[in-house]
Structures are given as C-alpha cells and as structure tokens.
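Lettered A, B and C in written order, each chain numbered from 1.
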C-alpha cells in the first residue's frame, strides 16, 4: 500500500495543492466557499478517523467526542481566558489528544471489535451529555455563542488578512493550511516505522507482535495523533461558525457523516476520506432542497458502499484496471 | 423509605425492559457475532406499529401488540436476508456488518421521520388502575410490563432449551462448522435469530411506548441501554443479558436518587466502561 | 461411491491441493496419509464443502457434491467427524448426540438410532447428562463419532481421529472404526502414522505437498520407497 512516492504522485499532489490555492480566484461566491471550508473541516476529521480505523484497524465509532472536546475547549478558553484562537485551537487539540490517550488506554486492552465499538460510542455519548448538562459553563442546549474569531493581520504583498463571515476567503486558506498539516502528519506517520508497524498489526496482530513491535504504544500514539487532528478540526470549526451546540459539535450524526464519507471515499486510503468529504458535503448541499432526505441518503450510502463498493471511490479506478489473477475459464 | 423501595421496584421493571432489548442484541451477537447497531430501530418501528394500530385504528392492545411483534419479526427476517446475510461471508465481515447496521439505523430512523413526522406520539396506558401491595402503590401498567417481560423471557428460555430450533441456535453459536456438518443450515438459523431478536425489541417497545412517547429517535437511547446490558452480562449471553438488564435498571434507579435524572445515561455508560475495564467478559461470564 | 477428480483448493492465493483424485468404494475403509501440512484435512473439508474447491469434480453416488451445501451432506448419507472433535461443549452429551439426527424428524427413528449408537458406545448412555466439554479427549471422540452416526450415514469422513489421544484410546478408536465398518459404513480417515493406518484400512492415498504421490493397499505402500522418502526426507 505504501509504495515509495513516485515523481508522478509528487507532481499530482503539487498540482492539487496549486488548484486548491488558486480556487478562490475563480470561486467568489461566499456560499460555495462556505461549502469548501466545511468540506475541508470534514476532510480533516475523516482523515483522522481513517487513520485509526482504516490504517490501524482499530474500529472506533466515538471520534466525534474529540471534535466536540476540541470545539468546546477552544471556544471556552477563548471566552474565559481571552486567549487568541490562533493559540487556543492548538491547546484544544492537545486537550483532545489527552482525552484520546485517556480513553485509548482502556480501549487498546480490548481485542474484540464490538467491545471497542460500544465503548467508543458510549464515551462520545458521555462527553455529549456532560457538555449538555454543564449548563453553567457551556450553556447546554441553548448553545455557546460569543466565540472569538481569528484576529486579522496584514501580510506584505498580500495586504490585509481578515476573518469574518462576509469575507470567507481567508478562512478557506487557513482551513486548507490546517488540512495540509494534517495530511502531512498522516502521510508521514504512515511512512514511518510506526506506520509500518501499525499496518502490520492491522493485518495480523500476532505477526506484528512476533516482530517485537510494541503494539500498545504505537496504537496509543496513532490514537492520540488522530484525536489531536480531530480536536484541531473541532477548534477551527468553533471559531469559524461562532456558535456551538452539543448536538452539532458532539452529536452522533457527525460520526455517521464522517463514516459515510470515509466509506464512500475508500477506507484505508490516503485520498479516500478527502474525496468522500468533498463529494458528500457538496452532494448534501445540492440536496438542500431535499433537506429531510439528507441523513436518509447518508444512511443508504453507508449500506450501499459497504455492500457494493467496499473499496470506495478512491480506488474504483484501480478496481477496473486490475485484472484478478484467478479469473480463468474453468 | 417507601419511595426508595418504589424506585427500586420501578428500576427492576424498567430493567426487565432493558433485558428484553439486551437479550435481542445478545442473541444476534451470540449466534452470528454481529453487533447490530440497528437494533434500536426495530424497537422504534415496533413502537410506531403499536401506535398506529392502537391509536389510529383503535385495535385493542391485546391484538395490536401480537400483530406488531409478528410484523417486526418479518421485517427483521427481510433486513437480515438483504444485508447481513450478504456480508457475513466476507473476510472483513466484522467491520462491514457494524458499519452496515449503522447505515441501516440512520436510514430507518430518517425514513420514520419522513413517513411519520417529528411529533412525539403517545399511546394511552393499557391498564390504568393502581395496585397496593404492603403499602406500596404500583400502577397496573408497570406490573403488566413486568408480567409481559417474565412471560417473554420464559418463552425464550423454553425455546432455547427445549425446541429443535433452540438446539440448532445454540449449536450454531458454539460451532458453526460442526453445526453445518450435522445438517443445521446456519444461514437460516441466523435469519430466524435476527427476526426473533427484532421481535423481542418490539415487545419492549409495545410495553414502554405508553410511558415514553413514540418518535423517530427513540431507538438510539434504547440501543445504548442494550449495549450496557450486554456488556454487563457478557456479550452474546442470553441469561447474562436478562440479569444485566435488571441490574442496570436497579443501578439507574439508585443512581438517579443520588444525583439527578439528567445524569442517568452517564451513570449507565460509566458503569459499562468500568465493567469493560475490569471484566471484559461480563460480570457473570468466564474469561475465554 | 465417492469419486474425487482433479481437485484444486486454494487458501487465498495459496494453492494447497493440486489435482487430487481418489475413489472410495461401498463398504471400504480408506486412509489418507501424509505428513503435517500435506493437505490431508483439506481433502476431507473440500469433500464436505467446508473449504471451497476451486476446480475438480466431487461426486457421491452420482450427486455433484460441489453443488451441495455442507448442511445438505447428511441428507445424501455423508457425515463427518471434525478434527479435534468439535463437540458443542456447553451442551450435554445427550443433546450432542441427538443433534446428530437433526435432519430426522421421526421420533421413533431417532430413538432407534440412539439405542444403536448407545450399543456401540455404552459411555453415551452412562454420561448422558454430563456437559460434553468436561469429558476426556477419548470420551469426546466417542461422542463425536456417535453424533456423526446419528444421521445414519453411508460414508463417514473422519478428520484426524487419533490426534492428541493416548495410545490406549487410539486402540479403542481403532476398534470403533472397525465396528463402524462392520455396520456397512464406508470410512475415510486421515492420519500421519502409516503403520497405524494400514492396520485399519483397505487402501490408502499418500499426499505430499498437496499432491497424491502414491496409492494402493497397505502392503503395496509399506514396501514402497516413496513412503520412506516422504516421511524421512531420504
């Protein structure tokens, strides 16, 4: 899976980044920019979930907990301590990572996939209910507002960089920057010794253990990094939308959406979660007219992609190109 | 003091409903090793069928409930055949089935939202009287719940222990290949088990619907309760789920007395994570 | 009775059987021999449909077995004792034995069969209500054979019936195979030990690396150099 990067794939990635950077020159519509920003937030979330579930083979269903923790932590620190979002999103990501290590430690002792699924789901529910119940701090279901926005600054050559809802272009670039950092981290991890070990343990724990790999520590590391990235996405989300509710920031709908994205895009691939995030976000919005059907369609997409497209969109091309070795006339 | 005892008794009664939910999850996991995230949706749809029969069409409850149970049983068969049965032969079946049932859960939930709307529907109590036993006042409706739960569990216990199907189910869950060799068609047993589990959920829905309202989202909290139950009792164990259900009911009742009702679910999940941490095979099972 | 021709079996991309052919006649006892990992068990599992065959023909009295699901085999008269017994450990001895007659719905017939296997294995009657998982290895093997016989098979496949058993028990199981054969049932079993196998069987097939390298009667095979080469690597 992790062949050395060829010149071609480097150029491909560079071209994509260039397109992404130039996109705001052509897309000036604030609504489309908003969708692009949402897609990027979800791409970060989905890539991080894919890191543990697709690559490490640790099937968790509670990653929305870290999104909510990141979002609320960044917002609350900003509101109560008056710190800048530029700082708080990183603090929040660290808090999410700590929460990840906290819940990851017991999970990693469990080998049974259903137990992991149940514990992670329940953990996220605990986080959601707690945020919802601590009304004195979070204002509960009423929603937390008054979240500070990113402060603007001026750049030589570029001019004023401002973050507000009417000028979204700089939010777009910031989101893109965070996504690139995330993807860089994911790609780096997967190509490192840790990544190789992690894939080895997905493909056979015993085999990996016999190689003398300290599974627990690597798994925990992957889990922590993943929680960090989801928390970062959550923090950015908080300062971008400016208002948080427990259902929007830690609701089970979030993880369902992310799972749908990863499954549609391709579980266990680098590009799959990003493809899935963009496809589903834009698909969801084009169905805005059919708003009531959106979750229905996501549910259906999860079922259909699992049943008929287990490798996802990202690899559907290779599926057609590769000729299975064992197709022969009997 | 008597209020405290009443709360405990209520806990046991609600717990018997958790037991019905949990035993369905346990049966499915015990036979085909599938974690059914859509289990709550069969409960939800069961609630709606009872609601429409009893409220909209004025069918007497003693007829409406069996009809609903049968309908959900058949729906369970259909859903298993169309999705789970198709995924089980896959190499990646464990994750594929969890993900597919998750998708199914969202799909059914939102289908219900679309078809039945978002208003909360209520069903009148089947029995309205109150019974006084030793100074304790118990609504007849609650006693009915307990009776229905006991009868259902007794029937299931009999089916598992004494019938040809029950033997086949237990044999398949212990060793699929050995069961196939003696002529037990595992695929059919799986489908039937799934239908029965869904029907058990419907029994709980029929009894709980008059207390909680019927709505498209009612399945999810119940699914979580069911998970706690099967973790307490040992995932896949039918008797474990019964004991786990009652236990959860009591713990919640006591916990809510000590804290407040909005922390009920946190207590349940906390207990569950504690059990997984200390005894992952459940409170009553044996380590494998 | 049973004919296997050109059987190829894969585990994933890895081929474990290469064009295996063998026949079993009515009333015959046939041994499948070979060292560990030679594919002996796979042959039996493929016949039973527990492991899918990629290519080849498997017929039993004219029925194409590759079209029959595993749970349909008992209806044709084929039964199998799985490797390591594989009893339903949490169920009683009686329940295990009765499950062997799962496809039979005639209570009187089931009783007749039960009396028959109890006459072959008195231990079944004695340990009726004991949990099967608590029996000793030899006792479990007897219950497993009894369970297979409850379907009144005409062909009994036995996967490693002697594996992990004490020499005294091996003797007993050997006696039982003779008894089963005495009831007119054809038996195919696999075993590593050539001497032991030929005491019990009419003919044998020797497997090496998933291929049949030698077949014939016990005397033929024991005098062959191939056996020595396969087992001693000489």
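A few points about this structure:
Operating definition for what follows: contacts are C-beta pairs under 8 Å (C-beta built on N, C-alpha and C of every residue); 3 or more make two chains touch, one makes a residue touch a chain.
Just so it is clear, the model here is predicted, and its values are computed rather than measured.
Of all chains, A has its CA centroid at the greatest distance from the CA centroid of chain C.
More C-beta pairs in contact connect the chains of A-B than those of the other pair, out of A-B and B-C. With centres defined as mean CA coordinates, chain C is found 53 Å away from chain A. Separating the centre of chain A from that of chain B, both taken as means of CA atoms, is a distance of 33 Å. One finds 42 Å separating the Cα centroids of chain B and chain C.
In chain C, no position touches at least two other chains. Those residues of chain B that touch chain C in the complex are listed here as 164, 167-168, 170-171, 174-175, 177-186. Residues 48, 50, 69-75, 79-80, 82, 86-91, 95, 98-100, 102-103, 147-148, 150-151 of chain C are the ones touching chain B in the complex.
Residues 29, 33, 35, 37, 83, 86-87, 90, 92, 94-96, 98-100, 102-111, 113-114, 220, 224, 227-228, 231, 235, 262-263, 265-266, 269-270, 272-273, 276-277, 280 of chain B are the ones touching chain A in the complex. By the touch rule above, chain A contacts chain B in their complex via residues 59, 61, 106, 109-110, 112-115, 117-119, 121-123, 125-126, 129-130, 133, 252, 256, 259-260, 263, 292-293, 295-296, 298-303, 306-307, 310.
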